[in-house]
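Quick notes on the structure that follows.
In order of appearance the chains are A, B, C, D, E and F, and numbering begins at 1 in each one.
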Amino acid sequence: MLATWDRSIRPAGEARLVIGVLGALAVLGGTAAVARAGEQAAAAAPAVPVPARVDSGDTAWVLVSAALVMLMTPGLAFFYGGLVRRKNMLSVLMQCLMLLCLISLQWVVLGYSLSFAPGTGLIGGLKWLFLSGVGLEPNADYAATIPHQVFMMFQMMFAVITPALIIGAFAERMKFSSLCVFMLLWATFVYDPVAHWVWGVGGFLRQWGALDFAGGTVVHINAGMTALAAALVLGRRQGYPEGISPPHNLPFAVLGAALLWFGWFGFNAGSALGAGGLAGSAFTVTHIAAAAAGLTWALLDWLKHKKPTTLGMITGAVGGLVSITPASGYVTPAGAICIGIGAGLIPWVAVTYIKAALGYDDALDAFGVHGVGGIWGAIATGLFATKSVNPAGADGLFYGNPVLLWIQIKTVLITVVFSFVVGLVLLKLVQACMGLRVSEHEERVGLDLALHREAAYTVID
Amino acid sequence: MKYVIGIIQPDRLDEVLKRLTEEEINLVTVSNVLGRGRQKGVAQVYRSHKEQGSLLKKIKLEIAVNEAFVERTVKAITDGAHTGQIGDGKIFVLDLPECVRIRTGERGNEAIG
Amino acid sequence: MLATWDRSIRPAGEARLVIGVLGALAVLGGTAAVARAGEQAAAAAPAVPVPARVDSGDTAWVLVSAALVMLMTPGLAFFYGGLVRRKNMLSVLMQCLMLLCLISLQWVVLGYSLSFAPGTGLIGGLKWLFLSGVGLEPNADYAATIPHQVFMMFQMMFAVITPALIIGAFAERMKFSSLCVFMLLWATFVYDPVAHWVWGVGGFLRQWGALDFAGGTVVHINAGMTALAAALVLGRRQGYPEGISPPHNLPFAVLGAALLWFGWFGFNAGSALGAGGLAGSAFTVTHIAAAAAGLTWALLDWLKHKKPTTLGMITGAVGGLVSITPASGYVTPAGAICIGIGAGLIPWVAVTYIKAALGYDDALDAFGVHGVGGIWGAIATGLFATKSVNPAGADGLFYGNPVLLWIQIKTVLITVVFSFVVGLVLLKLVQACMGLRVSEHEERVGLDLALHREAAYTVID
Amino acid sequence: MLATWDRSIRPAGEARLVIGVLGALAVLGGTAAVARAGEQAAAAAPAVPVPARVDSGDTAWVLVSAALVMLMTPGLAFFYGGLVRRKNMLSVLMQCLMLLCLISLQWVVLGYSLSFAPGTGLIGGLKWLFLSGVGLEPNADYAATIPHQVFMMFQMMFAVITPALIIGAFAERMKFSSLCVFMLLWATFVYDPVAHWVWGVGGFLRQWGALDFAGGTVVHINAGMTALAAALVLGRRQGYPEGISPPHNLPFAVLGAALLWFGWFGFNAGSALGAGGLAGSAFTVTHIAAAAAGLTWALLDWLKHKKPTTLGMITGAVGGLVSITPASGYVTPAGAICIGIGAGLIPWVAVTYIKAALGYDDALDAFGVHGVGGIWGAIATGLFATKSVNPAGADGLFYGNPVLLWIQIKTVLITVVFSFVVGLVLLKLVQACMGLRVSEHEERVGLDLALHREAAYTVID
Amino acid sequence: MKYVIGIIQPDRLDEVLKRLTEEEINLVTVSNVLGRGRQKGVAQVYRSHKEQGSLLKKIKLEIAVNEAFVERTVKAITDGAHTGQIGDGKIFVLDLPECVRIRTGERGNEAIG
Amino acid sequence: MKYVIGIIQPDRLDEVLKRLTEEEINLVTVSNVLGRGRQKGVAQVYRSHKEQGSLLKKIKLEIAVNEAFVERTVKAITDGAHTGQIGDGKIFVLDLPECVRIRTGERGNEAIG
């Protein structure tokens, strides 16, 4: 069903792109209205009847995968937390935990419906608000062999970790209350629509035939671009770049990276929504790409700085995981190695040269790794995808089909623009209403004490 | 010779070190301490139990200098650490009758720099 | 089969309650005798023949769940360990690890048999001592689609973590040798009987129709009440409350909470003993309740102390997980949100006001969170349970059936009294024989060095 | 198919042993040649036609198991890392991470083929280089119900953690570049052949009927013996034994041990390659042996040093996991308890008395725990194995069959000699080419700063 | 002025701080140190390797006071830290010729309090 | 009496403590410090950002001794810590007018040992 791209573009590609972006922006003004309309539209188009029966093996795997993806948010918290200064450790953990709570509830209340309920090409309907109608029977539109609620929970974990990724950009200086408000808005006006475009039945990018197996566009480009916007809007930390101490606890960052890697098996292989060959293939290429990217970054450090660094290796591995995400259901192990090498190289260049040259303070490289890595992954999917791995996918450029690459590029552009622009608008809005940045004094003291009245570690006890 | 001890706010360390370098005072020993002073600590909260947190993180500098450098050292620390707010810290100057450089065995004024 | 309550009570409810408690106490004196008798009784009542066949998907899920629940004990060790003072860090880890070893073996030797072997209403028989007869074929009484040993292992992990929860009450002052002895007794004379009452075939609370999907009563109330007894018997730590330093490593506490949350998916959704709709439902409500409770506690902190705290948020989330446990197979997402809010609120009040007012030193709030949260969860099950989620369950008060609530309240009362009283008796017994508390000097030095000859961290190296 | 031993040995046992070792050494000189020959040999012997169909439950379980085993490498990194001095923390983490990346790629490129592709009795063929032919259909030779790639990935994780175990021997003093080169060679010339002997179709130890369910020989003896060689070749750390500070962060070691224990469920129960009774049995005995061994070591510490130590308990538990590994598919819970007690006792003696007496510096007891524990486990398999657990296995001495014990002893001897000798040769080779040990100055400064330009923790920030 | 250095047992810190407060000596700097004294350390055990652990955790207090306060300071520390057991610690009193408050630039006796 | 402060390389601590013991100087207080001296730090690298790392880990020793022991103390530290390389460290000797043993209340020369 994802293979309908071949007749959809070429003629009116550009026009559609413009329409798409404009349309998407319109969402901001009238989500609910659009959504209601969508609901009616969907009602008209009956779903293809597929005999849906719960398979215990598939369900077991997706349940596990959902748990694994849930673990990625604390994993990310430690990955990020280990990199900040001691005085801000808890603030990072707290932000991630808060998103785990807050966005989970947003998802139950309206996020899932906006993303996946039958709707228009731009946004899901409101039929599944408060999970009404999301039961224990499979929904064959998304996964014919697992309970609908399990699919919903699996997707929830994606909705949670995506905003958490953005935290890396404004770490050590963002107001906590503003973060909560901003993230609620962002989940509703950025994440949910983009998830619908790419994965929702009727989503326009899905219609085009854009391939995004496990969220390169929806999760990584999306988060990465808003991260860039956030780094620009919030400005640099005091003393950046010289006056910022090195990571206060690299072992915690390694722990976080390990949990991310572990969880990513659920993220990517779980996206097969069943335990069979496709899951196995996604599992394989996920691991290989991470390994290749970790090695690549370490070697680049070795070349440039004479020594391979631990932080470099884990950053590379995470970059590899990011980049393989959209491709993970469509490429061979050889493709995965190529994608992994690119995922070590391109974000490395972004973080080493581009960030330094442009001077924005993307504190923990949320844009540099997730944005840049996500873009590479989406484009690489257009290069390396092959139907030999997944007949429901498409062939990429290296398998003789240039069209997919073009679709992927358009998808990237649309998402890049949409996430950046809407992210920026939302940030400005929150800034105007309640401010985004803590006071200079609070930043000096550290967010742990200033915003949470706690210290991560005791000095004397 | 004098043994200068400075207690400063943690986030002023970089600035103080810069000022000291400008005055060509390169040798310095730094450590973590907790201070109780006029500055009131922020109350920490743990499961609704309030911990007055009267001990605040500070940085301690120790600098052994020849007499001629004492005032420059005090000034460099003061300039770098001063914000005008309570908690800025203190400088203590002790007499230092003797000093030895372990590497060379030199003593006194020669050893200090 | 859990729905047989309707004809069982009303007339003689109170009488049975009294008899039950007395009978349970009698267990202390003559477990073996009762058990042997029970065995005979059970022999008379042949199990209903159910065609039992191992299902690979169900087995996969329960294997994973057992592993997840096993991980909760180290998770708890870090959750608790991060909250104590540096000098007692290892003692907490060591206590949890020791229970993981000790109770696992107790379970193999006699615990499983006392809990689950056919027996009387009060205690299981001795038929399955040393796991004899616990083979690789399913036992349809408990789970018709997974190997009997897998069910046994899954249950083992519950038997391990329950006593570990109690540690929170007497942290930083309990003798290690006494702890080992006490816990062996407690597992045998408190945990195993209560597990049998609620889950064992023929257990009297199960007969009544009490609902406890994943152990609200057996695990949390049980541990929480003995924890209260322990806090009272052992007395306060030196310097409590002013002289106790804040948590020495909150990131470790967050790590522990994350592992607990992750493992709880196995705890609750694994309790469906198969990978299907019910597991999916349990998974969903577990997560939602945790999110709602974490948010609630954070908001209460925000209101009362002007700032939301990380410790508050993770405490709330754990509270939510505790409270949803008994209900997790019976309630809807909406019910889960309500239970979660209560689970943020009620333990918060207990910890903030009641503990302070009464002045006992429940060091890490084992009673405040597990006891109080467990009671709320058991009662809430009587409010929010609905057969629409699980036909094998029952409807609660809000679905028109007041009887279940009454059963749940009685169950709570019985367990509260039993665990508190027997816990107290066992503590006094151990106190009389070998003492419970370390010397004043050992407490000052810290248990790590005094009892284990180790230091958690080096100061200079 | 593992039960063909009874007619294979006795007559020419010793002769075969000698031939085997010599032949194995020949591998060093001409892996490729041998391999190509093997390929032809294999082509001649058509695989038994087994109807292979992917089972979703089995696949789910093996996917999860692969993820769990992957997590063991970071787990090991923390287990080891917590035990070294602060200044070498990252070096240990980095070494483990590097192996995760490097050996994964080696496995894709040639390791899997050398280990598992049809070949001779001594080495696999080259047919599956670059995973060519390793697809999503099951390969009935190894696992008839899961995709071949999933089997390959599961095995990859074993190939990764085995060399990582060796790190413990030369921690705090090995050059990083030499480590990378050495490990690549070791994986190719030691791990891959031994894996083939024991597990590969046609492998000669497999032909003999040697039992190694989850890698006692392939993983633990193999790594442990080379670890001993490495400790001898590299020599002691400066200041050993008095001048070495105690573990810098025991909680990290406990965390690592917990992750190892958790992951070991995948390691052992996953080796059943399906989710049924055998997996359940392996799961059960794995846990029980770990518990028994942890308790044993703690009690021995209690006896000898008056206090039980946390490090002792986790070391014992890991020892138990090591020892049960080869036996995990063949023994009963009672057997597991016996093996566990031995696994607490024997490595304890090795570490306490033998290491001290001989004076080699096996820094983190890679030989003492994995080598010694692995040998005990392999021999114990010959004692406690029973067909009642696994009809495809064999009966051990205590079940009336002395032959198996003899096979196991020979297998141990061959592996011990092979791993030690070839390990030694490779180490000497790398030493001659590029040196093995860091300079005295780098060792003093610490490897983190000297080799990786990083510090694990900030002192002031 | 004098610079008083006290080395005490970690668990006596709260008591000492209380006593100092009672004497209106509010300003104090605290740090972690390890001490080797008459007190024998407990042997630590790591995989049966005994580590003599001769260095024990102690707390170091530094208090700059005017002459008039010296005895009160010494007494407060002594009273708070005294248990009569080996390991109670020591107090060292050094001369302090100069003291500066960074916030105001005040010097000497005015700056100290 | 004198108050001897030594700043040494971390890995020389064991050796210095051994030498002190040989000289029967058993009482010593040790702490972690960071030092900036002639020794150039190794640049740390974090995601290609170079951190000059001018502050290096050092160990600080504090030893209060009677006059008769001063030279022996200095020699013991020097012998134990000397490697001849930059970064070996310094010894500072301050006057110590008073000393109190908390356990017994003894003062002066008796209290110091």
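The rule is simple: a contact is a pair of C-beta atoms (placed from the backbone, for glycine too) under 8 Å apart; a residue touches a chain by one contact, two chains touch by 3 or more.
Every value quoted in this text rests on a predicted model; they were computed, and no experiment measured them.
Any chain bridging subunit A and subunit E, meaning touching each of them, is among B, C, D, F; the list is complete. Set side by side, the interfaces C-F and D-F show unequal numbers of C-beta pairs in contact, with more at D-F.
Interface repeat of B-C: among A-E, C-F or A-F, over half of the contact pairs recur, by residue number, only in A-F.
Between subunit B and subunit D, the centres computed from C-alpha atoms are 53 Å apart. Distance from the subunit A centre to the subunit C centre is 36 Å, each centre being the mean of its Cα atoms. One simple way to say how far apart two chains are is to compare their mean CA positions; for subunit C and subunit E this gives 46 Å. Residue positions 30-32, 34, 44-46, 55, 94-95 of subunit F each touch two or more of the other chains.
In subunit A, 55-58, 60-61, 64, 245-247, 249, 255, 275, 305, 307, 309, 311, 453-455, 459-460 are the positions where the chain touches two or more neighbouring chains simultaneously.
If you draw each protein chain as a dot and join the dots that touch, every dot ends up joined to every other dot. Those residues of subunit B that touch subunit E in the complex are listed here as 5-8, 31-38, 54-55, 58, 60, 74, 77-78, 81-95. Interface of subunit A with subunit C (complex): residues 54-61, 63-64, 66-67, 70-71, 74, 77-78, 81, 89-90, 93-94, 97-98, 100-102, 104-105, 108, 130-131, 135-137, 146-147, 149-150, 152-153, 156, 176, 249, 252, 255, 275, 451-458, 460-461.
Within the complex formed with subunit A, the residues of subunit E that make contact are 10, 13, 30-32, 59.
Across the complex, subunit B is touched by residues 459-460 of subunit D. Looking at the complex, you find that subunit F touches subunit A at residues 44-51.
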